[in-house]
Amino acid sequence: MTEALALDLALLPPGWPLVLAGLLAGLLPIPIAARNVGFLGLLASLWLMFMAGGAPVLEPLDAALAIAFHLVAGAGLMFAAAHEDRIAIAAGLVATGAACAALASRSLAGLMIWTEVIAIASALIVMAGGTQAAIRAGLAYLLLQVLAGVLLLVGIALGSDGTVTAGAFVLLALLIKAAAPPVHGWLIHAYAAASPTGSIFLSAFATKVAVIALARLFPGEPALIWLGLAMAVLAVIPTLFESDWRRLLTWAVVSQLGVMIAGIGLGTAEALDGVRLLAIGHVVYATLLFVVAGALEMRGGKAPAGLRPFALLAALTIGLPGLAGYLGKAVIGEALIDAGLGWADIVIVVVGAVVFATAGLRPLVEKFGTPGGERLSLREGAAALLLVLAGLALGSFGGALSPQAEAAFHATPLIVQGIALAAAALVMLTPVRRLLRQRPGALGALAVPMPSWVIGAVQGFGRVGAALDAIGGAAAGLIGGGGRLVGHAAVGLARYVSIGGVGDGVLWTLTVLTIVLIVSFG
Amino acid sequence: METLLMIGLLAALGALAVAIAFMDDLLVVTMLSGIFSFTCCAIFVLFDAPDVAFTEACVGAGVSTVLTLAAIRLTGRREKRVGRRASAVGLLVSTVCGLALVYGTLELPRFGDPAAPANLHVAPHYLNESAAEMGIPNVITSVLGAYRGYDTMGETVVVFTAALGVLLLLGGSQSRPLHRGDAPARADRDVILRSVATLFVPMTLFLAPYVQFHGAYSPGGGFQAGAILGGALILYGLVFGIDRLNRLVPERVLQVIAALGVLTYGGTGLVTLALGRNFLDYDALSAGPTGQQIGLTAIELGVFMTVTCVMTLLFQRFASRRSEP
Amino acid sequence: MTTADLMLTAILLPLAAALLIALAGRSPNLREAVTLAAAAGLAFTVWQLIAGFDAGTAPTIALAQILPGFTLMLRAEPIGLVFAGVAAGLWGLNSLYSIGYMRAEHAPRQTRFYACFALALSAAMAIAMAGNLATLFVAYEALTLVTYPLVVHWQTEGAIAGARRYLAYLLATSLVPFLGAILWTWSAAGTLDFTAGGILDGKLGDGALTVLLLLFAYGVGKAALMPLHGWLPAAMVAPTPVSALLHAVAVVKAGVFTLLKIAVYIFGIDVIGRGVGDVLIVIAAASVIAASVIAMTRDDLKARLAYSTVAQLAMVTLAVAIGSPLAIAAGILQLVMHAFGKITLFFGAGAIQVATHKKKLSEIAGIGAKLPLLMASFLVGALSVAGLPPLGGMWPKFLLLEAASARDLYLLIGCLGLSTLLTLGYLAPIFITAVFGKPGAEDPHALPHDDHGHGSGHLPLLALIPPVVTALGCLVLFVAAPAILRFVAPAIGLGVLP
Amino acid sequence: MIAQNAAVLVVVLPLLSAPLVALIRNPAIAGAAALVIAALDAVLATLLLCQTLDGTVISYHLGNWAPPIGIEYRIDLLAAAMACLLSYAATLVALFLPVSLQGAVSPGDRPRLFAAFLLCLAGLVGIVVTGDIFNVFVFLEISSLSTYVLIAMGAGTDRRALTAAFDYLILGATGATFFVIGIAFLYVVTGTLNMADLGERMATAPKRAILVGSSFIFVGVALKAAMLPLHRWMPNAYAYAPAAIGTFLAMTATKVAIYMLIRMSDFVFDTPGEIGRVNFAALLPPIGLAMLLAGSVIAVTTKDLRRLLAYSSIANLGLMLVALGLGGVAGIAAALVNLFNHAIIKGGMFATTAAVLHRRGSTRMEALAGLSKDMPVAFGLLVLGGLALIGVPLTAGFVSKLVVIKLAFDQANWLVVGGVLLTSLITVAYIWRIVEAGMLAVPEKPRPRRDLHPAFILPAGLLGAATLGLGIWSEPMLTLASRIAAQMIGTAP
Amino acid sequence: MSDLVGLFPYWAVIVLMMTGLYIVIAQGNLVKKLIGLGIFQVSVFVLYIAIGVVDGATPPILSPGFNSYSNPLPSVLILTAIVVGVATLAVGLALAVRIRESFGTIEEEDLLPLTMPELPPDGEARS
């Protein structure tokens, strides 16, 4: 493994211009320069990856994902630049680059390295939210991701003697990173706590890389089907009741990740390609949704002119056939049917429809009621447009990426999807939706309070430390006190023998003589 | 008879020592210690050591006592008696130690045993050969001046060192000359004393050279003669006043002569060295016993000079010191 | 120059520099120029040594014989050269930083400061190139003594007490257990020379060897193995460049380096690996965790970093105790990586102090905005220390995990994992508070910045460049680690690397 | 001629010059004379060392009377080396003796003081070179008497010098008398005073008398060697004597007593390391360890630098005794290495202290404040000596400790190993009081930079250099010591 | 009985020694101590001379008609020792005088508190 890693390191990973650009952007004191550096980095990265002979490194689907990452980054950059969010820009660029590198990495070690970088960058993005909650969530995010990284590292280390445990460690690590329950809480809290800009970047990279890694390492792991489905269902329920759009979106993200994991669990070639396609699509539409939601949030909930069309497009991108979100889900569904798990197909379709309804349609209906927000800036518009176009492109040409994609354009999935979407629209566009009463932080209990736990753990260790310290202090005091006591006694004794009148000196002399005499006689 | 005398004298010594221990008047103590010394002299005579008895009489009983008295004048006569914690322990330890030593003596050769190793190994050489080698009858003088002449030189230096020390401590910048009139009670007003002293001092002046030069034949020698002459000068000082003694033999003169005494002794050695022989090898001076006798005479002279002057000097330093702080 | 000449140069150059510095005391510029020149010269010399190193022809230089069998001699070998390289390389940076720091703080007694610094480097070089335990001991003691004036630099009451503690711990451990262990070794093996494969195998029973190893582990007080770590936090009374020196360049590093040398060349890696080091494994692992959790309780930045050092360097001890080539390799890398990481952190803490006059975690909320580059460096350093990729710090952690798994020490694996998290647990808050914290939010008593006068926010360039460079170093080392491994592999019997 | 008679001249030269020096009125001339004489004596001693280096034992018959009839000077390598130590110490001290007396002793008294100094030297050398046990006593008295007086001369700066001298006088006289009593007991059963002869004849002598005699001698010498608990005279003597005299005593007085111990155990009696038929050697390590501890512990609490150094000397004497007690060639060699090295180290420190006293008028700890600023050289020398006392490598002190510990290790004497190692720590504590007092304490008022008076530079510097030099290049000292030890064991009956 | 007589001088000497030392130990007055020391030393003289005695012999002054002499060597040694004793006494007394002048007392009890090592230096030169 050391050897493989060494080899990995010998080549510059794809995406390095982005990492560099990110670092520069973070440190350059001028905001404009930071942004432009970011764009330059994006272009350079793309050029290096696809036009300078770097392409063969990536399979088509991975390449598409990489491009999607770049697009997301570009969109995020535009959006972020509009809001002068430098740390988010820098960290986002780094994360993008790392995500590309992770995709290109052929070794577990390489994967581990780049996921760590993504994790660190993402944690920074979360914390850049600036609120107390963001910082706590960010710290929890960091520690959990690092925990996952450590598990991965342990897995790799154990892997050197080829035991089964090694695999378990790696799987566990990747599941944490993919926000599988019961450790999905970090994602909910982190994304929600991040700034709007931050959440744009966050939604794209970390989990997708984990999913891709799972797809590569654990295809056909049956347990994952169940896990994935449970995740999808469990996470979609809160979307029905959550009123905070971005928080709602985070639940939707988890839900969609569940779908992907289920696909990985199935493990057929069709399913895996579906997972990849869904990942690509999800990157696009989730980001788009976050852009829209972010833009709205930035204006305090007052809708600016020109945002509503984007919201509509975003909603459609989630599931409308021909747009980004549909393709992957459909292919996975077909694969499920092929594997005789038709009921599971129903589940994912329903979940998808619910997401479409709750994340896309309902906000469209309800959130744009208060106009008067500041006009949508050119950059925000450009960001959204870029993503919309990306979704369109993927939906249109996505089929070319994989031979399995054709399955999505069979009648069955189209019909099923159509019915589902229609039903969703029906519910959401009519007052029926009012039956689902919404409030912020609804069903929060489902979003396991991870940050509190993590912070609690940290504080707990701190308390242990304080206790240890106290014990050490007490021990040192005791030893010191004892030492002083012995010292004083020794000094006293020595002084008694050493200091005094000459008469005593002679007495000592005589005593010594007596002792010596008696000893020598004896 | 001798045995009984010995036992009696030794017992007297013990009694005196105990008495000294329990007296708190230092003047009395000093006098007792003088008596103690004299008793010792008697024992030494009894033990066939007239030379030692002679010296002890001059030095131990005489000079020491006078010096102590002179010192007591300066330090106070009464001892402050305080119950000392150490005394009980001291008594205990002394007793135990004494008993241990008594045990240790049990295997010693008996007193007066002619077959004791000490009497068989080196001493016979002195007794048997010194007549031929030295040509003088007093073996003690032979041993002192020739066989162990180097020890004696060391001894002379010790005496000189004492003088040097007392000069450093009480002389030079540390001297506290007597004010006019506060000299110690002058005894020269006492007619009897003065008369006796007038008689004694010249007599001792004659006695000293006799002891000096007759040392080869009878008990005596440089030490004794020096002590006698020194004692005479001290007596002179005691009776006629320290000022007159100081004028008679100024400190500087005494110091020079004392130094010269040491140098005479050492010089003899150096001369023998220069003559190509070992240090203090009197054979270098002349062949046979003559050389030895020349050497002995020279070194005895040196001893005499040093001892006389040092004894006087010591007394001078104590006696001519102002007592009040 | 021959290798022998180079070795002597490496030791004598800083020594001569110390002399010149003392002579140039009147002119600060000249004095500091001498320091920098010497640092450059030393770095070049050590680089020459490393580049030209050839195990086959490495000479032995006998210097003096203190007792028959207790000789002073030098011999270059890979582990020592790595240590020398780190120390020599970081000296220059530390000097640059010192200039920035000390001038900004208007510190007194700077001549003594620079001279002692040079002396410390000379001692460190001698430690690195020691050819036997005797030489190593001598240089080790010298290092303790010449760093004392550095620690006590401010000469305040606190500084005196701290320095006293520093000295007491280091001298006490070195004069009793360390010297005792050396003599025991000498008595048992009849030699003190560093020999490949060790000199003790078969000379003492495993029980005795275990005791001896513990004597060494605690005797080398500089390694700060708990519970004899107290000197390290106490020594934080020193000026920050000195703390950086203590932790990163010379003192603690010298300690763990000594342990490495003893493990490799006195005990023999295999000997330790067969069970002799097991007790030490437990102690070292406990030390790692305990020091980490205590670090979390420290508000003073430097104290926090000090406990961090205790924890991180216990890992080297741990590596020694595991006793396999892989573990030793991990130890060596940890020595290098921690050097760069921790010096970055200390530079950071010192720079914060220079710029804002703040020393405590509870005071630094929000200062990061003014010092982006510094905080970025700090972050990199922290992550490297924690062992996250793609920073050098990952390598030793990883190799340790591998070594532990090879010996089926699962509990240890858990400890190591936990330690990474704990490391972040105590280091991340510094960065987070500084960058994301709201001034005054956490400490209601914090004063507005302007009250702190001239220092606020201004950071001399000389205090900024070094941390940036070392942070980059952490990155570079991630890539360069295999090269280091290849360099030391023959010495420790590590399998072939590409 | 001088070469043949060097054996006796080395004693006689200072002995006979002393009266002359005492007569000189001009203190400057007297001081110079004392220096010249000490230096000449050093030349003579060196001559002796050269003559004995090949293993020759010089037997010089005083008065040309063959032993045991007459007194013999018997100079083996040990005696010659000791004579060198003594005379070189005297020379170095004589260099700054006049300067250090400024303000303490009035000029008029100084010539006599120089004379006493020479007598002290002569007495000590006399003890060392003689082969006759009673002659030892005579010269012991010469040196002791002059020492009492020299110590009392410190009264100019501290009146406690007087009581210190008096205490030493009582104890010293008691010890010397013990020695004479011991001689009596030995003489009564052997009939001889020549040490070599005595050794031979003791084999057939009654045992109990030998026991009593050797016990007395042992205790008498132990008193002079400041062996615990008979050390009470020593700190006061060193601390209150004029600084230069303290230096000389620290370098020589107790060393000579240790020499006597070695000599008695070798020359007179059966086995090296044993005195009489009793294995006193067994007593030495515990006594030595107790001294190490007690000396160091008190040194930590003292408030005066010279007193501190004196207590430290007790600790170091303890180390020598420990080494001696370990026995054998190696033990004696180790003791000798310690003896010489300690003389050098402590001499350097005392000389530097004298220089400090000369400038500051006090050696109390608080008087040292600011020393590193205004007397950097002196401070450096003090620290160097201190490090040597601790046993820091590259100093002579390290070699000293190392030989002892190594020996104890080889003999698996863990008590000694532990004790010696542990006391190093206490040493650190008291040495660091000096460092902190000199470097860190803030003086009440800044002083101008005035370093050592030139007179001190050579002696303090030389001793400092030797401290370092013998720490790095210890071979000559080790060779010398082991040669001496081998010779002693070889000549033992 | 002969043993008793034959050893009696030694025992007497021992008693003297111990008495002398006891005075030094137990008596606080410095002059008294010196006197005690003197007794101690004199006891040694007696010891030596007793060693040299030979039954029925005469003092070692050679003269015709006698052929048994006592041992001369102890006498010689003691001559030396006596001188040493007086020298020591003289220096001791001089010291006692100076102590009395400096401290105002020569009693050990009174001197101890005045000579504690902790006290600051009190030089005569300055006072």
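Each chain gets a letter, A, B, C, D and E, in the order it is written, and its residues are counted from 1.
We take it that a residue touches a chain if its C-beta (ideal position, glycine included) is under 8 Å from a C-beta of that chain, and two chains touch if they have at least 3 such contacts.
Given the structure is predicted, the values throughout are model-derived calculations rather than measurements.
Q: Which chains does chain A share as contact partners with chain B?
A: Touching chain A as well as chain B, we find D, E.
Q: Averaging each chain's C-alpha atoms to get its centre, pick out the one most distant from chain B.
A: A
Q: With centres defined as the mean of C-alpha atoms, identify the chain lying farthest from chain E.
A: Measuring from the centre of chain E, the most distant chain centre belongs to A.
Q: Chain with the smallest distance from its CA centroid to the overall CA centroid?
A: Nearest to the common C-alpha centre lies chain C.
Q: Tell me which has more C-beta contacts between its two chains, B-D or A-C.
A: The comparison resolves to B-D.
Q: Averaged over CA atoms, how far is the centre of chain B from the centre of chain C? Could you give it in whole Å?
A: A distance of 75 Å separates the two centres.
Q: Roughly how many whole angstrom separate the Cα centroids of chain A and chain D?
A: The computed centroid separation for chain A versus chain D comes out at 78 Å.
Q: Chain B to chain E: how many Å between their CA centres?
A: 12
Q: On a C-alpha centroid basis, what's the spacing between chain A and chain E, in Å?
A: 98
Q: Would you mind listing the residues of chain D that make contact with two or more other chains?
A: Correct list: 134, 138, 141, 145, 148-149, 152, 166, 170, 174, 187-188, 193, 208, 211-212, 235.
Q: Going by the touch rule set out above, which residues of chain C reach two or more other chains?
A: Answer for chain C, listing residues that touch two or more other chains: there are none.
Q: List, in ascending order, every residue of chain E touching at least 2 other chains.
A: 17, 21, 24-28, 30, 33-34, 51, 73-74, 77, 80, 84, 87-88, 91, 95-96, 98, 109, 111, 117
Q: For this structure, enumerate the chain pairs that meet the touch criterion.
A: Pairs satisfying the touch definition: A-B, A-C, A-D, A-E, B-D, B-E, C-D, D-E.
Q: Considering the complex alone, what residue numbers of chain E touch chain A?
A: Listed in rising order, the residues are 21, 24-28, 33, 108-109, 111-112, 116-117.
Q: Quick check: in the complex, which residue numbers of chain B touch chain E?
A: Going by the criterion above, the answer is residues 3, 6-7, 10-11, 13-14, 17-18, 20-21, 26, 29-30, 33, 36-37, 40, 43-44, 47-52, 55-56, 59-60, 63-64, 67-68, 70-72, 74-76, 79-82, 84, 86-87, 90-91, 93-95, 97-98, 101-102, 105-106, 108, 110-114, 116, 118-119, 122-123, 126-127, 130-131, 137-140, 142-144, 148, 151-152, 154-155, 158-159, 161-163, 165-166, 169-170, 174, 176, 217-219, 223, 307, 314, 317-318, 321, 325.
Q: For a test of understanding, state which residues of chain A touch chain C in their complex under the given definition.
A: It is residues 1-3, 6-7, 9, 23, 26-27, 29, 87, 112-114, 116-117, 120, 127-128, 130, 132, 134-135, 138-139, 142-143, 146-147, 149-151, 153-154, 156-158, 160-161, 458, 461-462, 464-466, 468-469, 472, 475-476 of chain A that touch chain C.
Q: Taking the complex as given, what residues does chain D use to touch chain B?
A: Result: residues 1, 5, 8-9, 12, 15-16, 18-20, 22-23, 60-65, 68-71, 105-106, 108-109, 112-113, 115-116, 119, 122, 126, 132, 134-135, 138-139, 141-142, 145-146, 148-149, 152-153, 185, 187-193, 201, 205-209, 211-212 of chain D touch chain B.
Q: Applying the document's contact rule, which stretches of chain A touch chain B when the two form their complex?
A: 503-504, 507, 510-511, 513-514, 517-518, 521
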